[in-house]
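Two complexes come next, and they have one chain in common, subunit A, joined by subunit B in the first and subunit C in the second.
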Partner chain A sequence: MIEIVETGPFNTVQDLGRPGYRDIGVSASGAMDPLAVKIGNILVGNAEGAATLEIQTFPFRLIFKRRSAFVVSGTDGNPLLDGIELLPWCAYNAEVGQVLELKQPPKLARAYVAIGGGVDVPCIMGSRSTSLRGNFGGNAGRPLEKGDRIAVGEEAGILPIPASGLGVVEPAVALLEFFPRSADGSLLIRALPAGEHKLFVGDGEAFWSQTWRISSRSDRTGYRLSGDPVVPMEIVEMRSHGVVPGVIQVPPGGEPIVQMSDANTAGGYPKIVGVIECDLWRLGQARIGTRLQFVRSSYAEARAIEQAVASYIEDVRRTSGQIKRALKAMA
Partner chain B sequence: MIAPSNGHALQREILSSTKARARVSSIGSRSFLLEAPGDFDLAAQRRIWALSQTVKGWPDIAEIIPGMTNLLAILKETPEDPDVVVDRLLEAWDSALSIDLKGKTIEIPVHYGGQHATDLPALCDLSGLSDRDVVRIHHEATYRVFALGSAPGFGYLHGLDPRIYMPRKTVPSLRMEKGCVTIGGMQTGVAMLTGPNGWNSIGFAEMQMFDPTSASPAMMAPGDTVRFLPARIEL
Partner chain C sequence: MSAIDFSDPATIAFLTDALTAASVAGLEISAPSGQLRIVISGAGEAKIGSNRSVQPGSVSPVLVRAPLAGYFCVAHLSGSAEASSLPRAICATEVLGFIRVGPVLLPVSAGRSGTVTRLLAEVDAMVGYGAPLFEIEVQS
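Moving on, here comes the complex of A and B:
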């Protein structure tokens, strides 16, 4: 059991989402940074898809009502346990009554709290993620509030965590060669042309060449991009069709919208590109105001990045298991 | 097969046996959208239903989202060669026979007019019909659920009488109540969530049509027949 002591708006319970129900209009939801959820869960000995807390407004504080292993992942900010600074991406043990505090991260958007045993809210349609739009899932279908007491599952792993913590090299560093930054510091997001790309003049030149900014009208459903509007050469009447996170649609005003984790299941605006899935977690960590540039990708590149991420996750799983087993043997 | 015109390999089209050309495009690296050619009608949708049944059985498919005369196929993994996926989808479309899903019949009691019928006057102006005629035309028709989407359990209903077609609003209503009976272009449906909505409301239905805790959360399914029963008419 944990209790929420302080929270901003729109912090929710999220796991890896509930894909598979979009054919009945249910958004997949799930963490905006699924890589952080997987790594956090592995470090505390959970299945990689266990439910976590997604914290996107700060400060946030919770109190542990039971001795628990925990990790704060995804973020570049240092969590505080009873006021003592700890490292992100690092598993620790919390004693009963200790308070975990998260302050506004320096640069990134979202922090994930993974707890040994996982956040134990009812599993609805295969997931514990909060559907804010549908008002179901997660913690009673709504954001976390001060005073919420939330159950935590039984810890599966009895393997110990060293007193000094058990950390990983975070993915942005470990996988630097696969997730490059531009010279001017803007985020490079890889994408493939989508259905209506050819309706934009000069092969979408204006879209690909400019630096976009994530507008303040952005949330878990989608990010609006500010910049010089891009408009198709002709107006096409699209029939409503399925969409997935990463699709970039261009409504009549010419300001592109990137659909994110709470993406609607259907859409009809012209689609200029689709962000490759393995770059979505980086968008999920990009704050309002972040400058973005889109880079034309390929299937081969997408596969290479996916394989690199998969082997990084596997490496974390194997190594953390080895360390815990060694500690247990020494104990 | 027609060669790609713009250098993008996924923009290919194919001539099917019915001389109709389907189009396949992609979203990201593992989602592929097949759009049926021709009119927005039951014949095209029946072939989409058939295509859906075929594609759903492919071992590399994670999920499918049937839309309005189109189908989004989401693969489990990014394919090595997207052209192979495009070809498979086009071949499957080409050999998809029209099927008619049996479906069930759903009768939805509607309170026509009244406080929720915020767009009924505008529809009367547009159509030149009286409010009584608009309501009668709406509830006398028989509708088919073409697909679900946009909101949990929301069914896009086909079969609206062309006399009461009404374009979606350019500026959506900011807060339309769940349960509003609405018209969007040539489609009708019942709003499943309270919130912004660009469709035009002419009445209200109390019936609950989505329960996330149920084994089958959505009441409607593609192929179902829907009739609106005028429980009350308040004009």
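Moving on, here comes the complex of A and C:
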């Protein structure tokens, strides 16, 4: 059991989402940074898709009501346990009554709190994610509030976390060659041309060549991008069609919308590109005001990045288990 | 009565002979001036460790050792912290470095507050279990 002591708005319980129900109008939801959820869960010894807390407004504080292993992942800020600074991306043990505090991270948008045993809210349609649009899932279908007491699953069979903690080289560093940084500090996001790409002048030149900015009209549903409008060569009447996270649509105003975790299930705006799935977590960690540049990718490149990420996750799972077992045997 | 100097070779030899004669396996003495440890092995040979304080009664050096074999890193790999210059005051829970195995990092802390005086292992080099990593001076 944990109790929320302090929280901002729109902090929710999220896991890896609720796919498979878009045909009946149910958004997938799920963490904006699923890689942080997987690594956090693996470090504490959970299944990689266990439910976590997604914290996107700060400060946030919770109190542990029982001894628990926990990780704060995804973030570049240092969490505090009873006022003592800890490392992000590192599993620790918390004693009963200890308070975990997350302050505004320096650069990134979201922090994930994974707890040994997982956040134990009811599983609805295969997921514990909060659907804010549907008011169901997660903690009573709503954001976390001060005073919420939330159950945590049993830690049965979980190997103990070393007393000094157990961390990882975070994905952005470990996989640097697969997630390049631009010289001017803008975020490079790989994408593939989508269904209506041909409607845009010069092979979408205006879209690909400019630096976009994530506008303040952005949330878990989608990011609206600010920049020089891109307009199609002809206005086409389109029937609504299915959309998924990563699809970038261009509404009549010409400023693109990137569909994110709480993406609508259908839409009628022309789709110019789709962000490759392996770059979605980096968009999920980009704050309002972040400058973005889109880089034309290929299926082969997207697949290679996917394989590198999968191999990193598997390496963390295998090695962290080996280290925990070795230290337990030596203890 | 004057204090016995446990670092005096004659005293150590006398104690070793006395322990051997009495079939005692060993002894360990901690005094303000330092520590003395004598272990009598089966073949009648003694292993002697003597550790004399630099400033008797105030400071004693302690080694922080590798809790596991792996690559030794001093700074967090996220680049959020850089290796600080030495000597440097530290608190008990402060992370001094890491043992890295693949992508996994095992933090190393001193477990007590004091001053880090020396870095004893090569950064980014493979170290074995128990290898000395840091020397710290602990205020007693």
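The working rule: the second predicted complex is superposed on the first by the 328 of 331 C-alpha atoms of A that agree within 3 Å, B and C clash if a C-alpha of one lies under 4 Å from a C-alpha of the other, contacts with A are read in each partner's own complex, and residues count from 1 in each chain.
Here, a residue touches a chain if its C-beta (ideal position, glycine included) is under 8 Å from a C-beta of that chain, and two chains touch if they have at least 3 such contacts.
Not measured: the values here are computed from a predicted model.
Overlay on subunit A: subunit B and subunit C fit together in the combined arrangement.
When the two complexes are overlaid on their common chain A, residue A:Met1 makes contact with neither subunit B nor subunit C.
In the superposition on chain A, A:Ile84 makes contact with subunit C only, while subunit B stays out of contact range.
Within the superposed three-chain model, A:Val96 lies out of touch with both subunit B and subunit C [touch as defined at top]. For subunit A, the partner touching the most residues, choosing from subunit B and subunit C, is B.
Shared-chain residue A:Ala326: touches subunit C; no touch with subunit B. By the touch criterion defined above, A:Ala174 lies against subunit C but remains apart from subunit B after alignment on the C-alpha atoms of chain A.
Once chain A of one complex is fitted onto chain A of the other, the partner contacts of A:Ile235 are absent, as it touches neither subunit B nor subunit C. In the superposition on chain A, A:Val201 makes contact with neither subunit B nor subunit C. In the superposition on chain A, A:Asn264 makes contact with subunit B only, not with subunit C. With chain A used as the common frame, subunit B approaches subunit C to a shortest CA-CA distance of 25 Å. Residues 19-26, 124-125, 131, 133-134, 136-137, 191-198, 203, 239-244, 246-247, 264-266, 271, 274-277, 297, 299-300, 302-303, 306 of subunit A are the ones that touch subunit B when the two sit in their complex. Those residues of subunit B lying in contact with subunit A across their complex are 5-6, 8, 10-11, 23, 25-31, 33, 35, 40, 62-72, 74, 77-82, 147-154, 156, 192-193, 195, 212-213, 217-218. Contact residues of subunit A toward subunit C in the complex are 76, 78, 84, 87-90, 162, 164-170, 173-174, 312, 315-316, 319-320, 322-323, 326-327.
For subunit C in complex with subunit A, the residues that touch the partner chain are 67-68, 76-80, 93, 95, 98, 100-109.
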